[in-house]
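You will see subunit A twice below: alongside subunit B first, and alongside subunit C after that.
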Partner chain A sequence: MANDLVLPTRRSGATRLWLPAVLRDPWLALLLALAALNLAWAATGTAPAAVQALWHWWPALLRGLAMNIQISVLAMALGTLAGLVVGAVSLSPSPLLRRLTRAYVLLFRNAPILVLVYFTTYVFPFELALGGWRLPFPDWLKVVIGLGLPASANVAEIFRGAIQSIPSAQWEAAQSLAFRRAQIFRMIVLPQCLRRMLPSWMNLYASITMSTSLASLVGVHDLVDAATVASNTVSRTDFTILVYFTLLALFFAYCYPIARWTRYLERRHEHY
Partner chain B sequence: MSIIEFEARAAAFPSAAETSLVSLHDVHLAFGQTEVLKGIDVEVKQGQAVSIIGPSGSGKSTILRCMTGLLRPQRGRIQVGGVRVDALKTASELIALRKRVGFVFQQYNLFPHLSVLENLTISPIKVGGLPRAEAEARARELLAKVRMEHKQNAYPGELSGGQQQRVAIARALALRPELILFDEVTSALDPEMVGEVLTVIRELVQDGLTCVLVTHEMRFAEEISDVVYFTEAGRIVESGPPARLFGAPASERTRAFLQRAVGATPLRDAAPDPIQTYLHIDPLRLAV
Partner chain C sequence: MFESALQAWVGFFKPLGLNYGFVLDAGELSAFGRGLWVTLQLCAWTIPVSLLFGVLIAAGLTSGRAWLARPLQAFVEVTRNTPTLVQLYCAFLVLNMLITQKLGGGSPIAPFAWVVIVVALHKGVFHAEALRAGIEAVPEVTMEAARSLAFSRRQILTQVQLPLAVRFALPALVNNLVDLVKMTAIASAIAVGDVTYESIMIWSYRDNVLELLLLILMYFGLLTWLVGLVGKWLEERLRMPGYGQ
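Entry: the complex of A and B
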C-alpha cells in the first residue's frame, strides 16, 4: 500500500522535472501535437489534399488575421480614449453634461454591433476632403469607428462604475491628510480604479476582437473574408470544414492569451 | 515622535498652552431637515486629552468632522489653533489646517493599493514636500511607536483590524499634527484587538499630544481624559473632569446613559449583576 502511494507521487514529481511549465497548458500541448503531425506529413509527403490546400492558403489567412488584430487594437485604443473622456464627463457636476453622456452610453451600449458597423460604413463618405487634399477613408477604418463607439460606451460605464466603487471614506481619509482634490483623484482614486477596471476592460477587448469578424460583411479583407474566398476557390467539402475549424482556432489563439492574462492580473491584485 | 518634540512644539507657541487649542461656540449643523448639532460648545486646551461620549447618533463624530473642516456648520464659531475653521474658503486654507490636525477613522480607511510604509509616506512627500528618504525614516520611527515596523511592506488587506488601526494612527501622525482626532477608533474592532489600539493612544496622551476622542470605551475615557463631554441629541448635556462626570454626574440624562452602560456609575445599593459575576464579561464593552 505504501509503495502504491509512493510510486505515483514519484512519477508525477519526475514529470514536473522534465516537463516545462508551459507544456502543462493543454491548449499549448494540442498546438505542439498538431505541429508535430504536420511535420510528419511534410517529411513523408503524405499530407491529405485538404491540409495541403490549407498550407497553400495559410499566408492569406494570416494576412486576414493581421487585419482583425489591427482593427481590434485600434478600436480598443479609440474606445478607451473616448470612453475615459465620456466616463469622466458623466461624473461632472453639470446635469446637462451628465444627461448627454448618459444618452451616449445608453445608445451605443444597446445598439447591435453589426448595425453600428453598417451604420459607419454607409454613413461616412469613402474619402475625406481636407482643403485641397482628398484622403481616402477605407472601410476597415470605418469598422474601427463602428467598433470603437460601443467600446467607448462600455469603457465609460466601466470607468464610472470603478470611480463610484471607491468608498467616499477614501476621499475623506485623503482630505484629512491634506491632499488637494486633484491629488486625491490622481494618487488615491485613479490607481485603485485602474486595477478594478482591468478585468472588465480585458473582457471588452476579447469581445471587441471577436466582433471584428463582422468586418467581412462590409467588404474588409479580414480572416473570415479570406476563409470564405479560400473555401469558394478550393471548393472541397473537407477543405471548407478544415478552414472554418482553422478560423475558430486562430480567433481562439488570439483571445485565449488575453483571457489568461486577465486571470493572472486578477490574482495578482487579490489583496484588495 | 518623542516627548521632547512635543514639548518643543508647545514651547514654540507659549500662548497656546494658556488658551484653547480648539474652541467650538454655539455650533449648529443640519443635514437637510435633520438637525444634528444644536448648539455645541467645546474647549480643548493644549496638551489635553478630551473625550466625547454619548449615545449613537448624538452628533459626536459630526463634531470631530467640523473641527477639521470636513463638514461646515450652518451657524457658530470653530477655532482651531487660532484659525477660524468655519470661515475657511479656499482649498489652500483647508489644507493648511489639515496639516495641523490628524484624523483617525472608525473604519481605518487606509489606502489599499499602497503598502503600509507608502501609506505613511505619501502625504509627507506629496503634501509636505519631504525628501523620500527622510519621509521613510520618519515613517519607520512612527511604525515602531505603534509596534508595526515588522509589517512595513505588507498591504492593508493583509493586516488584522487592530494592526490596520495602529497603522492608521501612525499615518495620522506622519504630518506631525498639533492635534489628533480619534473617531470611535475601536468600535469596528474585535474585542481582543481593542487593547493594542488603546495602548497606543494612551502613550500618545502621555507624550502630551492634544487629543480629542469620540469613544464608547467608558473605562478608557475615564482613565486618560482631562475633560469628558457628554452629548445627547445634538447638545452637550454636561462636561467636566472624568472623576466628577462618571462618579457624580450632575444631569439625570448623563446618569441614565451611564447606567445603560452598566456599572460606570457606582451603584452602591444595586445587587451585583449575576451575568457579570459568573461570566466575567466586561459590560462596558458590550453596552452601547
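Entry: the complex of A and C
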C-alpha cells in the first residue's frame, strides 16, 4: 500500500511539466512545424507555386468547411431531438410502440448513409408551399435531414442503452424514499444517463461530421466540392496532391480533437 | 414465365403509386442486375481483404517494435478521423493520377480495385482495434505457458493470441463488416457500376427515385442481414465455454 501513496506524488511532479508534454504530442509538433515552414516561406517570399495557389484558395476551402460544420451541427441537433423521443418511446410499456421504434432504428441504422442522402435530396421537392408562401428548400437542408435520420436512430439506441444501464435497484430505492416517477427520472436517472451518453454521443457527432463529405455528391458546395473545383481550375499535378491532402488534414484537424476528448471522457468514466 | 412475373410485379405496385416500369426495359433491367452483382462482388472482395489488413495492422500494433507500431498508430488515427470519401479521392484522384503519369497512360489499378483497397484499409483499421483489444485480453498465464513450451513470437501470435482474440473480437468484427457492406455504396462516387450508380443512371432518365431507393435499401438490408447471420453462426461454432463473454 505504500506504493499507492508514493505514486500520486510522482504523478503530480509530472503534471507540473505539462507544457512540454503537450508539445511532445506528435500531431501538435507537426502542426507547429508546418506553421513555421509557412512563416519562413512568407518572410522570404519563396513559397512554391502550389502553396501560393493553396493560399489563394484558402478562403473558399474554409467557407466549404463552414458548410460541413453547419450541416453536421444541425443534423446532430435534429438527430438528438428526434432520437431522444424515439428512445423514450422505445422504453414505453406498449408492445406496439416498442416494435415500431425497433423497426425505425433497424431501418435507419442498416441503410447506407449515402443512400439516405440521395433519398432526401431527390424525393423532397425543391421548394415548400406553406400557406401562401413558397419557401425554398435548399439541398444542404435536405442533407441535414438525410444525416439526421441515421443520427436519430443511433441516439435512440445510445439513450435506451444508458437508461437500461442504470440499476433498477435505484428506481426501487428512490420509490421507497417517496419520489414520484417523473422525479426519479429527472433527478436521479437522467443526470447519470447524460454522463454515460456523452462519449458515445460525441463519437456519433464525429462520424456524422465525416459523413457530411457525402453532401458534395448531391451538389452541395461543401469542402470536398471546393477542393475539387480548386484542383480542376488550377490543374497542376503538385497543387492537386496538395489540395486533396489539405482536405484530409482539415477533416482530421476538426475530428481528431473530438476523438481525443471522447477518449479522455471514457477514461474518466471508467472510475465510476 | 419471367416476363409475366415482371408484368405482375409492375401491375402489383402501380396502384400504390410506385412505378416499376423500368424492369420491362431489357437494357435497364440488365443494368440494374449488373449493379446488384457488382455490389455483391465488392463485398465479397472487400470483406476478406479488410480482415487480412486488420490482422496485419493488429500484429504490427502489438509487436512491441516502436518503428513499426508508431507509424501504424498514426495511420490508424488518420484513418479513423477522416471521411472515407476523402480517402477514396486521395487514393483515386491523387495516387492513381501519379501512377498513371509515371507509367505514361493507363493505370493498372481499376476504380473497382481502388474501392476495395480504400474501404478494406479503412475497415481494417477498425478490425485491428477490435483484434488488439482481444489480443490484450489473452491472459498472461496463457502467454507464459506458451513461452514455456518454446513457442516463437510468431507461433504465439498465430496459434495462441489470434485464435483467442478472434473469439473475443467477433461481435465487434461482425459489426464492422455490416458497416463495410453499407460503405461500399461510396463506390458510386468514382463511377464504379455498383447498384447505387446504376440506379442513378436509371432514375436520371425515368424519375423513379423512390422506387429504386426502396429496392436498394432492401438489397442492403438483405446483405447486412446475411452478414449478421454468418456472424451469429460463427459465434456459435467458435464458442469456447468460459471464454470471451
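As a working rule, the second predicted complex is superposed on the first by the 244 of 272 C-alpha atoms of A that agree within 3 Å, B and C clash if a C-alpha of one lies under 4 Å from a C-alpha of the other, contacts with A are read in each partner's own complex, and residues count from 1 in each chain.
Criterion: a residue touches a chain if its C-beta (ideal position, glycine included) is under 8 Å from a C-beta of that chain, and two chains touch if they have at least 3 such contacts.
Fair warning: this is a prediction, and the values are worked out from it, not measured in the lab.
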Subunit C versus subunit B on the shared subunit A, clash or fit after superposition: fit
Partner chain(s) touched by A:Ala40 [first = subunit B, second = subunit C, both, neither]: neither
Touching partner for A:Leu81 - first (subunit B), second (subunit C), both, neither: neither
Partner chain(s) touched by A:Gln183 [first = subunit B, second = subunit C, both, neither]: first
Subunit B versus subunit C as contact partner of A:Leu265, first or second or both or neither: neither
Partner chain in contact with A:Ala66 - subunit B first, subunit C second, else both or neither: neither
Partner chain in contact with A:Thr237 - subunit B first, subunit C second, else both or neither: second
Which partner, subunit B or subunit C, touches more subunit A residues: C
Closest approach of subunit C to subunit B (Cα atoms, Å): 24
Sites on subunit A touched by subunit C in the complex: 26-27, 107, 110-115, 118-119, 122-123, 206, 210-214, 216-217, 224, 228, 231, 237, 240-241, 244-245, 247-248, 251-252, 255-256, 259
Complex contacts: residues of subunit C adjacent to subunit A: 74, 77-78, 80-87, 89-90, 93-94, 97-98, 101, 178, 182-186, 188-189, 196, 200, 203, 209-210, 213, 216-217, 220-221, 224
In the complex, subunit A residues that touch subunit B: 167, 169-170, 172-181, 183, 187-188, 191-192, 195, 271-272
For the subunit B and subunit A complex, residues of the former touching the latter: 68, 70, 91, 94-96, 98-99, 101-103, 105, 107, 109-113, 122-123, 126-127, 155-158, 171-172, 174-175
